[in-house]
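Per-chain residue numbering starts at 1, and chain names A, B and C are given in the order in which the chains are listed.
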């Protein structure tokens, strides 16, 4: 088969397969007529009704706010703590056992404790909880990024007498930024999951809360719509982040392409 | 004295004496760091900064953990969680590696399923809990399905990367020597993909543990998560903290184990070898 | 102006000790262009780093204008060999050259003037808002030189700056160094492994032995100025000097040493 034909066939398949899956699902769900597996068309309808109009403000916005604030605060703390740890060997030796322990901790295990310590199930508790877990991917990546700083660059800064604060601001942080950004991308996905779990556990609003309520009232269609929404939120946030990162790291791509290893 | 002897004598005069092996020093630092944190906890909890009913003292919590460890119920729950995690991870590996190899090797198949994979991947598995609760119920199957579903994706993606990342020069060389396709697969491509698969499994292990635990917490399948839920419902705060610590220990043990495996798998990989390149 | 007295540097301790520099003594006068050459692995980069205040010597001292050098002195600028690792890829050429000036108390207009003049001196005005990696290797090294010039140092140290650049560009860059030396009157200490280059550029050549390194000889270069890539290199005096230095180094390279790395091995420059 010629290359052009093979390429066209692959493209056609790429488009056809997802459509085929949806159609098969639709047909099967209609014929099975089970309340647990509503057909995609019904889900789509409910999705539009529920999210795009009725409960956008009451649930989607709070969830998004919690994700974004938790992510932002967690990332900031991750960089702020990761920087000194990356620079100092002994600080690292001392702190790493704790970093490794908390980073490996399954988030749900701390849910009851977070409610008790913070005396709340509102935004404070949610955002703090999300921020806590978002710190670690960023922190670890910041440490890696700072440690990988090129010694020639450090020598140059020292030779020219660049003071330490300037060095951190103009050399260490920009150099580590590609690595930090990768950590932030992980953190963002983590924020979505942790948000859902936190809201499902104890909340009075939000997408996770809707998920819980629809389970309790045996409403399968809103439940599916919520599941789809969570996937969509995760996908769109990731997409938005990649677009921003793409622009901020244009220099990194150019430099890597031009530099022989 | 020769110059080498001179230099050695000088260095011994000026260099600081290090008597302990680095491994012992590191172990001491870890122990000291943990001890420091525990002490800090005790001080904070006793100081009145936080109410004692909100933050039990370190000694009380460790004591509680100790008495839990003497009960059969705790270890039964612990093993239930381990079982859910292991089964979920195992099934994910058994499914994701072959499928990943298939999708990675065949450009056609990879592209055909690209959109479904990209669509299913970002769905947080935890969101499926209510669905599983209503369909499969509070059973081991629910927990294992959830853990496996979550663990499947990182392994799949990493396997696909690993298979595709094989050096084309190596493959071309093998082809020019007449190495048959099956051998190329088993001797070049798959071994080259092993480090990636190891990374995927490490990531998946953490995901599987979180999901197994979450299933227990929210659905009530037996395990540490369920015990935590129970302790919370009955206001057993100290037990909450003790269980959280125990879960953390399980988390870090699996993390260390799979990181070590990953490191071994990466050791012989060309990218890790310093040397002639 | 710059005196190096009895400089020694030893790495490691106990059984793995390596004496890179044993006893280096020489001095550089104001406005001179002095080259340092030696066999591969003789610790040239170590020497330069000690002089620059980036490394602490095990023994001996470096004295600049009467004061000992313990940390990078303000009057000194350094140009490293690996230009793509000493320039910041996230900044434009302008901001790269600006970096050392930011912490000096200068008015903004003054800083801008210095940057623009330095880039004009190396012929890169057109690329002032490009990124370093958009430029060729030779041009990147010129940016590094411009950065050193804008800093207005009294003495410039250069560590095999043209080793990673192709031969033709190297000639242009050598002439640039000569021009800069003449125009700005900076004292220059130039480390190189290229014997031709050392003879072409300098007034005096400090020839080093293999490790543990001492100064073998200081060769005066009596060639007429201004130097020219064609004319100067055609002079019989050039050939003599070149051969002389070559013999000094070659004889030394064949001498036995426990720590010497023959130039054909990949490990060349391990001690540098």
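In this section, a residue touches a chain if its C-beta (ideal position, glycine included) is under 8 Å from a C-beta of that chain, and two chains touch if they have at least 3 such contacts.
Just so it is clear, the model here is predicted, and its values are computed rather than measured.
Novice: Based on the averaged CA atom positions, which chain is farthest from subunit A?
Specialist: Centre of mass proxy via C-alpha means gives C as farthest from subunit A.
Novice: What are the two chains with the most C-beta pairs touching?
Specialist: A-B
Novice: So how far apart, in whole Å, are subunit A and subunit B when each is placed at the average of its C-alpha atoms?
Specialist: That gives a centre separation of 18 Å.
Novice: Between subunit B and subunit C, tell me the centre distance in angstrom, where each centre is the average of that chain's C-alpha atoms.
Specialist: Result: the chain centres lie 49 Å from each other.
Novice: Could you please specify the touching residues of subunit A with respect to subunit B in the complex?
Specialist: On the subunit A side, the touching residues are 9-11, 13-14, 17-18, 21, 36, 93-95, 97-98, 100-113, 116-117, 119, 189, 192-193, 196-197, 200-201, 211-212, 214-215, 218, 220, 223-224, 226-227, 230-231, 234-235, 238.
Novice: Can you name the residues of subunit A that touch subunit C in the complex?
Specialist: Result: residues 150, 152-153, 155-163, 166, 170-171, 174-175, 177, 251-252, 254-255, 257-259 of subunit A touch subunit C.
Novice: Within the complex, which stretch of subunit B touches subunit A?
Specialist: Per the stated touch rule, the residues are 26, 29-30, 32-34, 37, 50, 54-55, 107-108, 111-116, 119-120, 122-124, 126-131, 133-135, 206, 209-210, 213-214, 217-218, 224-225, 228, 231-232, 237, 240-241, 243-244, 247-248, 251-252, 254-255.
Novice: Name, in rising order, each residue of subunit C that touches subunit A in their complex.
Specialist: Of all residues in subunit C, those touching subunit A are 49, 52-54, 72, 74, 76-78, 80, 82, 84-86, 88-91, 99-100, 102-103, 131-134, 147, 151.
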